[in-house]
Structures are given as structure tokens and as C-alpha cells.
Amino acid sequence: MLKAIKTAVIGGSGYTGLELVKLLIKHKYANLSLLTSNTYSGMALQDAFAYFKNLNCAGIAFKATDSITYNDFAATDLVFLCLPPHQSMEFAANHLKDYRGKVIDIGSDFRIKDPESYREWYGKDHIATGMLKDFIYGLPEINGEQIKHAKYIANPGCYPTSVLLCLAPLAGLLSKNEPVGKEPFSDKILPCCGGPDIKGQLQIADINIDSKSGVSGAGRKLKDEYLFCSANENFYAYGPLLHRHIGEMEQEIEELCGSKFAISFTPHLLPVERGIFTSVYCKLRFGASYNEKSCCCDSNSKTGSKDAAVKEIVESLFSWYYKNCLFVKFIGQKIPQIKDVLNTNFCHIGYAYDNRTDTLKLFSAIDNLLKGAAGQAIQNMNIMFGFKQEEGLNE
Amino acid sequence: MLKAIKTAVIGGSGYTGLELVKLLIKHKYANLSLLTSNTYSGMALQDAFAYFKNLNCAGIAFKATDSITYNDFAATDLVFLCLPPHQSMEFAANHLKDYRGKVIDIGSDFRIKDPESYREWYGKDHIATGMLKDFIYGLPEINGEQIKHAKYIANPGCYPTSVLLCLAPLAGLLSKNEPVGKEPFSDKILPCCGGPDIKGQLQIADINIDSKSGVSGAGRKLKDEYLFCSANENFYAYGPLLHRHIGEMEQEIEELCGSKFAISFTPHLLPVERGIFTSVYCKLRFGASYNEKSCCCDSNSKTGSKDAAVKEIVESLFSWYYKNCLFVKFIGQKIPQIKDVLNTNFCHIGYAYDNRTDTLKLFSAIDNLLKGAAGQAIQNMNIMFGFKQEEGLNE
Amino acid sequence: MLKAIKTAVIGGSGYTGLELVKLLIKHKYANLSLLTSNTYSGMALQDAFAYFKNLNCAGIAFKATDSITYNDFAATDLVFLCLPPHQSMEFAANHLKDYRGKVIDIGSDFRIKDPESYREWYGKDHIATGMLKDFIYGLPEINGEQIKHAKYIANPGCYPTSVLLCLAPLAGLLSKNEPVGKEPFSDKILPCCGGPDIKGQLQIADINIDSKSGVSGAGRKLKDEYLFCSANENFYAYGPLLHRHIGEMEQEIEELCGSKFAISFTPHLLPVERGIFTSVYCKLRFGASYNEKSCCCDSNSKTGSKDAAVKEIVESLFSWYYKNCLFVKFIGQKIPQIKDVLNTNFCHIGYAYDNRTDTLKLFSAIDNLLKGAAGQAIQNMNIMFGFKQEEGLNE
Amino acid sequence: MLKAIKTAVIGGSGYTGLELVKLLIKHKYANLSLLTSNTYSGMALQDAFAYFKNLNCAGIAFKATDSITYNDFAATDLVFLCLPPHQSMEFAANHLKDYRGKVIDIGSDFRIKDPESYREWYGKDHIATGMLKDFIYGLPEINGEQIKHAKYIANPGCYPTSVLLCLAPLAGLLSKNEPVGKEPFSDKILPCCGGPDIKGQLQIADINIDSKSGVSGAGRKLKDEYLFCSANENFYAYGPLLHRHIGEMEQEIEELCGSKFAISFTPHLLPVERGIFTSVYCKLRFGASYNEKSCCCDSNSKTGSKDAAVKEIVESLFSWYYKNCLFVKFIGQKIPQIKDVLNTNFCHIGYAYDNRTDTLKLFSAIDNLLKGAAGQAIQNMNIMFGFKQEEGLNE
């Protein structure tokens, strides 16, 4: 029998914080020992948010985040930080020096490993640079092994989660150089087209990402653009040039493929409460030695051998990459929908290949508050503490 | 004083048809003489759709589309066809031979001029090929002069309207060849950077379009995916490979720039009733002779001279192209919103240039039922009959 | 040819203020000479709200409401006040003493005529009591004649508009006393059942109102409950006891029927942007002399003669009351829908009579920002200045 | 250790059926042995509805409902019927004669116990009248004891659930007669005001119910009114006279209070996917012996002793009635919200008392697909088979 751990949630009254609290209250092996919020300080959770009357949490109340001292959480096994930009690192710098438990930062302060890069994307000096190297980027489908042994986790951003899960299986194709036929195009992964004509003859030359997020992605902010009358029956792009998540994505893409790869990324605001739908457009480039005629995949294909080759490669790579991943469902040439993953920790991924323009279109759908934030944090917690990965997430 | 014309609306109970009828009833110089619908045959317009109780249209009732004969509309000056694919050409073949009035087809049968291409995109032989050459593509900001003298108008599709209005001013940059510095980069248009370093040194190498349409774009179809419980709080791409509007867009792009240009196009279903937001991603290529340092635009720029050069070119071209166009508002580096054009015939266009990936991002917003359909049809009617372009559209 | 009037809009950046500005800009006989807002002070209207790029209003900018002096609007013919509770009377007390033009207050300060009652419902002393008697309650379908000659108009609240239009035709039935057969049951209005058995034998004993309003009804307030993520996919009652509009409604009901009548009123928040749907439940009481058998209405009725009698009375009274009213459509036993009146100045009213519980159910639908606020203000302006009632409102 | 039961779901592709299947798949002690649907016959559940890829149900596929034979489900312990009106009784008449397991009918055929009444409300003769007496009305908070021992359950309608949970605690007040002071006003329940002045001096004289349901309440019907473009940004009443749920509600109210009580009920269509908000307006009548002055409750009240008396009675009765009911939360003078119960099996109930009109306003919120349908069915199953009441429902 597993023993329950004690957890603290610092900044628990935002959308992500509350989602996390819901998951923790229902989790068999986690207890919530401390919950903080400056706004709701002193209020019982059930009184502040009536939904919690449905859960067994009568004794839980908010303490003020600003008045927390080390003693308030010293006895916990895990601290979740759900704080706005710059506040996680302040909290860490002030309070976590002596803490012997583990930390999962759902905020954005510890995702970028390079302080220079942090300053560039977040417009401020990092004040806890000494801790940066200890944080593992907590995308379990990519870094599962490291997460197991991590003390500190930087929980990924919602957009990066939806993007990186599309790109990770294709890392071998990502290079600005001409295609050169390196792994993971092993014969095992590509049984059919493992011949010289395809293997190493396909590259992703360019990545253009168009992401659409529900309004909760912006957090609980009292701004005109997030009012019902502003967001409802509306849609638009925002931050079209230097969204902060780009730095995080490019860092992780470099981790995946070994070289720098600049991406174009454009977020949009969807008039839904939660959910992200991401369209990743990859411009393909076929190598000089690629020869359609000799490809074995295409014997029965009507649509031309490029179609068959891309199908073979994409489907083999995704099946291989996610074969042991419970929470990522590759659905082939179907298209995912936000509704199919709503209120779940799942990511659905589908694709289409447009041979007229050599564009590989990857589509992913997640719930931004779960797989994009609190659900992923619980998944990380489960892995860190040896619980089943899906513990408390199998709704 | 202008004399009112008599109009007929064939297929007037769909979303577009009803929007057109609303506009016609309020139009000072147009009367509605005939309205047809198989579904609502025999019903008064006000009884079928209670909204029309608000308008002065007590005498208007639906006749069955299938039972219309030439005599029913012979005396009209203008016939609007609002019929599903393949039915416009049937109606035209059967009924319009002797008609001396003008025709605006809001359906899709006469947009593609080449019967081969029609078969390819619409999966059926065209049965009124003899009439194809007489149809003018009715995008007034591009073909205004031809529309003035047209007898037959093929009203553009909603997606193509939102896309072509983004690309038309940039036609001179569209070429698969290396940049060669041709018009419209005249000195008048580009006063500052009209020098050899920019002029002719910039091309659009690739176009990737991500469009999002409200549910009314699909028409009034009793399908599971258009039910409230399916579309609400949902979002997804659909038809990711061969959407029929691609043929129409590539045809018109070729008209604009003089050469074939294949585009990647992906439509998505937005959980709003009406409105299209289109993101056009243009990959830029700078010519070999382009020299940042000698560009005069950049003296005060902090972000690098490519930014200044693109700004100069884009803003000059859009201002020039739309300077006399009432219904297209170029808003520079701001981003348009669906809400700003809802229930209007306007198109708002903004842009951003990402110098990290040489991507020019163009964003447009229209109301799919107005500028994307019925409003544009009225605009065309106004032009064809010598009324003010905005007559009846100035809500 | 009518001459255009000069108008000022004080407090023009809220939902109602902007709706009013839209209508004024398009109005043939009204010019907007002054527009104020503290929040957007100094900004051009088009820059603050991109929708206005669609309208011909390039020169219009906001001045700060707080810095307005008499000279800023002394030359205007009409001042619209669109200010929060208590601010209209402050503006009036400070600025309107010498003003020779007319005033339409879209706020709530001058609707309640009795200062005691004002204090009771609004929790504050009225500071311009001397002006109260000069304000006419601006519901044109009820007070049209007085509005023609009014200098000051108190524009009705949105809920009261939706309620009073349901009750006005039935004023003769409203009494706490036993039915006594007074007007308007003249033979002309009730030709069939004008006999002694029905006439004067029917009363409304009790009124229970359940109203549902779109979110814009709350105004542009940066509060958590009006955020998209709070209001979307949600619904609830609010202010269930002493909503301020009750005082206004009971005052006007007393005006209509000559005696005090306490009503139960419960407002609810609808997850739509605009629109009010009101269900008015009237408990009917039949007088002791009422005799079903001798009622002439019922010869062909299957559902019992009470049904026939109520139908006769309700339909006669509504048809009679609204026969010259363009903007109120009585649709009989059909049920109105918000969508049918959206973006219009119309009110649709339908009814059903439940003979099992003697409940007359009246249903009304309006657009809260138009017939419930800015549209009605323009309708009042038109009447006050001798324009056609529907001038500028015939969308 | 409890043993898992085998269940069958007949008609499992509607909104309620799918919600039930979701709950069953995650239920620790229930297996899904048979799933039927005519529309999706032959398809795997995961292929028909991609959401189910998230759940461990790879082997589940739909059989055609029309081709089911007794042998298909003879070995199950429980059959759920999720069929449209009239089809449950056909299925029961044809297939359930020999079935030794239990049955929960989520449809409406077995809720009304009297065949005459069934014909009146459902317009058709009941064809399985012999089985009617064996069905227990499955509202666990009211009939929990009977449900434990039931073989057949008629699962309540969604509206009746939201209404009856408001009225059940007040059953002692429900009578058309003058107040007579009967139970449940025992001293234990009303400790303070158990004196002669209140006890038995308060009655509910009239009940008027205004209910609002999300679109899923109508089921998955391909009708124009349930299209996104029809329901979105819209709201209206429907079926304002003889909604079928009235018969069911009046039957159960009679069960509760021992005498017939006619109610006025008006359903409305909310533009949300799921959720019901019900406003129950009870007109109170105080008995002749009621004496405000001698009521002990009121010593500190500012708002008058009727307020205090009603507060005392309502709060005591609700607290007493639901003290052991996990899924009903009485929240006093707060107002419930749909969002607080969404995706849960909970019902939240609040109240307000308007002493100006003697109106007690009760407000309830449920998720129509859970507490209003599938969740309640699982709750019934749990009770019938001796599982914990909340097993599989504790999201």
C-alpha cells in the first residue's frame, strides 16, 4: 500500500491552481496540506468557490501567499507553484533554499534554462539562476526518465505541450541541413520503406504554427478582452511576434533534434472556456536521392508515392514514439477535436499531407488546464513519487 | 432620382439567402419580386422566420424553387442564385437562356472558369460550360471595373474573399521565381525604399493559409457536426487537403500575379455563428542584391532594417491598393477581430512581420454572410446598376 | 427637409453609450458634437473601438467626462446621459441648470419620481429632486404623447421595458380588488365576449416575473462574474430580492392601473451577449359572476371556454393597444425568441394560457442595448424632435 | 471485495446513453457487456466517438438495437434502457418478460404509474401496463429505501429532478387547504419556532416553476432548432402548456404531500450544452393564527419577523431532509450556479424569500445529463446492488 504524500499549492485560486486542487482532493495518494492565495486569504475553499462543496474538503482554507513562511510547508513532500511570471523565482529564492521536498513549478520561471534567453523572452533578469540547472522540463512523454529522478520540475506551458507532442516523433526530420538519413529511421521503425530511397531523404525545412487557445489560457485576469462581451462570438490572433512560449519551444526543439530551429508561432484566442487546438504546418523537403518509383510503399496507392512515403514515415514514427504513452493518442489521418479531450489529460494528434505544396499538417488538441497545466503537473507528481502515471487522472 | 429594380432570389431560405433578403427589403433601389425555397414553399416569409416581422415585407411568401418557370422572373432586372453546388448551373441551363436581366450567382458553380478544373474540384462535369466565360468574378475591390459592365457575376466564396483581399496588394511579390523587381514597386508607391536595394529584392516564396469560419459558413445543414452540442465549446480543422475553395483561390491568384502559385489552405470550424478570421502566412525571400545597410527606411528603427523594409513595402502597397475602397480597412500592425466586422460588409486587414523566420503574417476578418456572401452580392448589384457601392450596406 | 440636430453623449464608452453612438453616426438628422469618457479621454473613437472604422466618424474623439464644462455642450440641442447610478443626477445638478436643450437620461437617476422611493431602491439621497417632476418616463408605446412635448426624458430600464410592454395592454385587469368590469373592456375592444359574463369578470391577482438578461446588461464592468470563463456555459439568478428595477416597474404599473401592485421579480444572467427574455406569469382570478356556459367565444373550442375567453381578451387587448406601434409585435400564441429581435429596436410578445392553474404566461424578447436602452433613446429623440419614430432604427 | 456486475445499455449513442457508458467504463464494480444503437450498429465505440479513445474500452462495439434478442443480455445483471418515448415499453414488452436481472429505464415510459395519465401526457396507450406497478421512481433522496429493494427503476426526468429536490423538504407545507399545522413541523426540526404561532401557520398556496435547460436536454436530434446557429445567442420558452414532465411532477408531489397539487411549469432553452437551472416560485399563505409578534425567531432581525420565520422553517427543513444526502447541497440564501455542478452528480439548492409578495423563491442547479439522467441512474444502480452510493460518481 502506497503512503499518501503531503502537498502544498502556492497560488491556488487561479484557473490552473483550482484545477490542480480539484485533482489533488480526489487523488488517493496526495493530501493537500497548504493552500495559498492573496485574493481569497482567510476564506474557506468551499465558500470562495461553490464547486468545492461537491468534494470532501470542508477543512481547507486559503492562507495569504505573501505571508507564507518556511514553516508553513517545511513538512510537506511536494510544493506546487502556480504563480504569475517572475513570482515563482521570487518564491523559490526566498523560501525553497532549505526545503527538502520536491517542487513542481507550473509557472514559467524555470522553463528556460539559459538566463540570457530568459531575459530576452521575459524581459527581466532571472533571480534564481543557481536553481535553473536543477529543473527538469516536465513533459513526461519526452523526459519521462529524467522526471522520475527529478527534485525540481518546470511544468511545460500549454502551447508548448500542444506543439512539442506534435514534433517530438519527427525530431529526426528536423534540420536546416539537407536530409542525410540519420536515426530514428531504423529498419525497425520503418519496416517497409527502410530502403535507401526514403530513408534520410525527407526533411522538415520550415515550421509554421497556428495555435488557438480557450480563454482560460490567459488566466483569471480582470481585463476588458477577457470579458464575456469581448471574447464571445469573437476570434483573433494576438501577440503575433514574440510570444514568450517561443523561447521555450525552440529550446526544447533543439533538445530534440540537436540543432537550433527557428519557428513561426501565432497564438489566437478561441471563444471557448478551455482547450487548445494547434495546427503545425511543416514544409517538407525531399532529398536529391529520393526516387518515387523505387519506393515499395506505393504499390497500391492511388495518390502518388510521396503520399505513401509520408504516410509510412509519419505513422511509423508516431506509433513508435507514443506506443507506451497512455495520454497521447495518435489518430492517423483523422482530425482531433477539442471536445474529445475536454476535461481530460489526453492529447489527440492527427495529420494530413498536402502533396500539392509538400506541407505536412499536424493537428493536436488538449485541455489547456489539464494536459496543458494541472493535469500534466499531477502526471509529473505521479512519476516522481512512483505512483501509476494515470493515478487521479483517469476521468 | 434612381429607379428601383426588380429582383428575384432563388433559394432564399438558407443562411445566405435570408441575409440577402434582409438587405434587399431595406434597400432603397431594389424590390424583391420573387422568393423561392422548396422547404418553405407556400409560407409567408414572416411566418417562416419571425425576424422578418420587423421589416416591411408582409406580402412576401416563398414559392417552390422546383416549380419556378421562366415567366415567374422574366420581368425582373436581376436574379440572385443562392443554391447548393451543382444546382446553380442546372438552374442556369434550364431557365436563364432567354433571360435579359442580370444574374449574380452566390453559389459556387460559376467561379471556376475552366471546366476541367471544375470537375477536379467539384467532382462533377459542368453542364453550362457555354456560360462560364460570361461570368465575372465578383470581388469588387479587385474586379470593380469589369463588374460595372458585367451581365453575370460569380460571387466569391467566403474563404477566398478573406484570402484574396490579403494577397491582392502583394501580387507583385508573388512569384516562384527569384525576385526580379517588377511593378507595382513604382517610385510612387514606395517613395522611400524605391531604391535598388529593396525594389525587386523581395518575394513571397510560399503561402500557407489557416482560416477559421463560424458555423453559418456551412449553411443550414441538419448534420450532427453543426448541432449546438457538437460545435459549442469545440474547435477543429476540417477538409485539410482539397477544400473546393482552393481551386478558386489559385485561379484568382494566377489572375493577380500572372503565374500559377500553389497554396496550402486549411479551414477550421469556429464556435461562433458568423465571421471568418484568416491568417495568411507568407514566407519571404530576399533577393541576392538586397542589402540591409543601404536601405533608407531604417535610420530610426531598432528592430533591424528588414523590419523597416517590409513595413515600408507592405504598408505602401496596402494603402495604395485600397485607397478608394470603402469596405476594406487596412489597420497596419494591429490585428483585426471578428467582432469589429460582425454584421457589416467590411473586411479589416492587419499584419505582422516575424524577422526571425522571414514570415509575413497577414490577418483578415470578415462577416462570412455579408462581405463573404450576401453583402458582397449587394455590393456587386450596386456597382452593376450604378447605385452607390455602399447603398443598403451602411449599417 | 428636416434640419439635423446637434447632440452630446456624456459617458459614451460603455456598451449602451457605444450603441447609442453607432445609431447617432448613422442617423440622418442627428450629429454628434460631443462625446465623453473618462477611460478613453483623448483617444479617437476609431482607435479606441475598431468597429468605428466602418463608420464615417474620423473626427470624433473622447473628452474626459469629468472635465466637461457647460460651454462644451451649450450649443447642442440634446444631451444624452449614459452614466452609472448617482452620476446622472450629479451631472444634472452641476451642469444642466442653464441648458436650453433637451435631455435624455439613459441612466437610472430620474426614473423614480418620488425621492423617498429613490432612496429606498438606490440607497442614496437624490440630489436633484427639483428636476424629478420634469422628467417623462420615456416608454414611447405608453407615454408617446407626453414624450412629444417633453424637455427631459428618463429612458426606461431594460428589464422594465420588457415587463411593462407585456402588462400595459392588460392594465384594466390589474387590481387587487375583485374584478369589477371597468374599461378597457369596451364593446369595441371585445366585440365577441363583450357580454356580462366575461366583461369585468377577469382579474390578474398576482404577477411573478422571471427575467433573463444577456451579459451586456450589466455594463462594461471588470468583475469576475462577467469574465468569459465565469459567464460562459453558466446560468443563475441574481439579486433575487430587491433589484432596483422593481421600484421603477411598480411605479409605472401604478400609473397604468391606478393602484399599487406589488410584483415578484427575479433577474437571471444569460450566457449571451445581448438580449432579454422575460416570462411574466399572471395568476388569473375569475369573478363570481363569470359563467363559462354563456360565453359566446367558445362555440368551437375544444379546450374549454376559459381558454376561449382568455384568448379573446388577451388578443383583443394586445391588438388594440399596439395597433399603431411599429416596434412592438404581438405574435399571439407563438413564443418570441431573442434571436428574432437581436440588433433591432423591436419587442416581440407572445402568450400562453394554462387553464390548469389559471396562469396567463406572457413572454417578451428585446435587445437590451436597443429597445432596452440606446434604441429606445433614439426612438424618444425622434419623437421629441418630430422625426419619424423609426428614423435611424430601421435595421 | 465486491464482485463486478454485468450490464447492458440499450440505446447507447444518444447524449444520455454515452454519458452512462462513460460512467460504466470507469466504474469499479460494473462491466459493460452489451451496447446497442441502430445508428452506429457495427462500429467500435472508439471509432464512432473519439472521446472514448481516452478510456479503456477497445473491445466495445455497438450492436443494432432492433436486432437484439433475449440471449444477448440474458446473462447480465442489469439492463439500462436509454430509448426515446414509447420505445422503452416496447422493448420491455418484447424482451424483459423472462429477464431475471434488474432494469433501470432512463426513458420516460415507466415514470407515470397510471395508464390513463400516461395516455393523457404521452398521447399513446401504454402497452406494458402490467409492469408499471413494479417500477420504483428512482429519485434516491426521496425513495432511497424502496430503490434498495427494487427490481425495476424508472429514472426521473431531468426537469422533475431539479423541481422535486426543491419541493420534497417542504412537502408538509404543500396543501390547497388552509394551513393546519401538521408534520414535519416537529419540535426537533424547528427547535426555535416550534411554538403555536408558526407551526402549522404557513402553507404554500401556489407553485410556479420556470426551468431553463441546456440543449443536450433535447437529445441528439437533427432539428433546425438545435443547430448551433439556431440555439447560440438565443433563448426562449417552449412547450409552455403541457410539457410531459408535468404529469410526472404532479404525481410525485402528490406522493410527497398526500394531495393533488396542480403546478404551472414553463421550460426554456438555454444556450449552454448541459445544465438545468430551475426557479421554483412558491406563493406563501400565512394562517389566521399566525402572529408575528410572538415569534421567537425574530429578536435580532431587522427585516421583519416573516423573514425570520420563513428562514427558520426553510433552513430547518432543508437541513433535516438532506442531512444524509451526499449529492444535494443546500446552500441557504446563496444562489446556485450551473457551473458549480457541471460534470457532477450534484444538485445545489438555494432560496430567497420576498416578503413584499410572500414569495418563496427556490433555486436549483443540476447537470441534466448526470443528476438529471445518467448519473442518477448510476446512483440508483449503486443503491440497488449495495455499492457505495457515490461509487463511480465522485468526480
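Every chain is named by a letter (A, B, C and D) in the order it is written, and numbering of its residues begins at 1.
What we mean here is this: contacts are C-beta pairs under 8 Å (C-beta built on N, C-alpha and C of every residue); 3 or more make two chains touch, one makes a residue touch a chain.
Quantities reported herein were computed from a predicted structural model and do not represent experimental measurements.
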**OP:** Sort out for me whether C-D or A-C is joined by the greater number of C-beta contact pairs.
**Re:** C-D
**OP:** If you line up contacts by residue number, which pair in A-B, B-C or B-D shares over half of them with A-D? Let me know.
**Re:** B-C
Original post:
When the centre of a chain is set as the mean of its C-alpha atoms, what distance in Å lies between chain A and chain C?
Top reply: 50
Original post:
What whole-number Å value describes the gap between the mean CA coordinates of chain B and chain C?
Top reply: 40
**OP:** With chain centres taken as the means of their Cα atoms, state the distance from chain C to chain D in Å.
**Re:** 37
**OP:** Name the residues of chain D that each touch 2 or more other chains.
**Re:** 230, 233, 271-273, 336-337, 339
Original post:
Given the complex with chain B, which residues does chain C contribute to the contact?
Top reply: 26, 49-51, 53-54, 233, 329, 331, 334, 336-337, 339-341, 343-344, 346, 348, 394-395
Original post:
In their shared complex, at which residues does chain B touch chain A?
Top reply: 206, 208, 210, 212, 230, 233-238, 240-241, 262-264, 266, 268, 270-273, 275, 277, 279, 281, 283, 335-339, 342, 352-354, 356-357, 359, 361, 363, 365
Original post:
Which of the residues in chain D come into contact with chain B in the complex?
Top reply: 15, 215-216, 220, 222-224, 226-233, 271-273
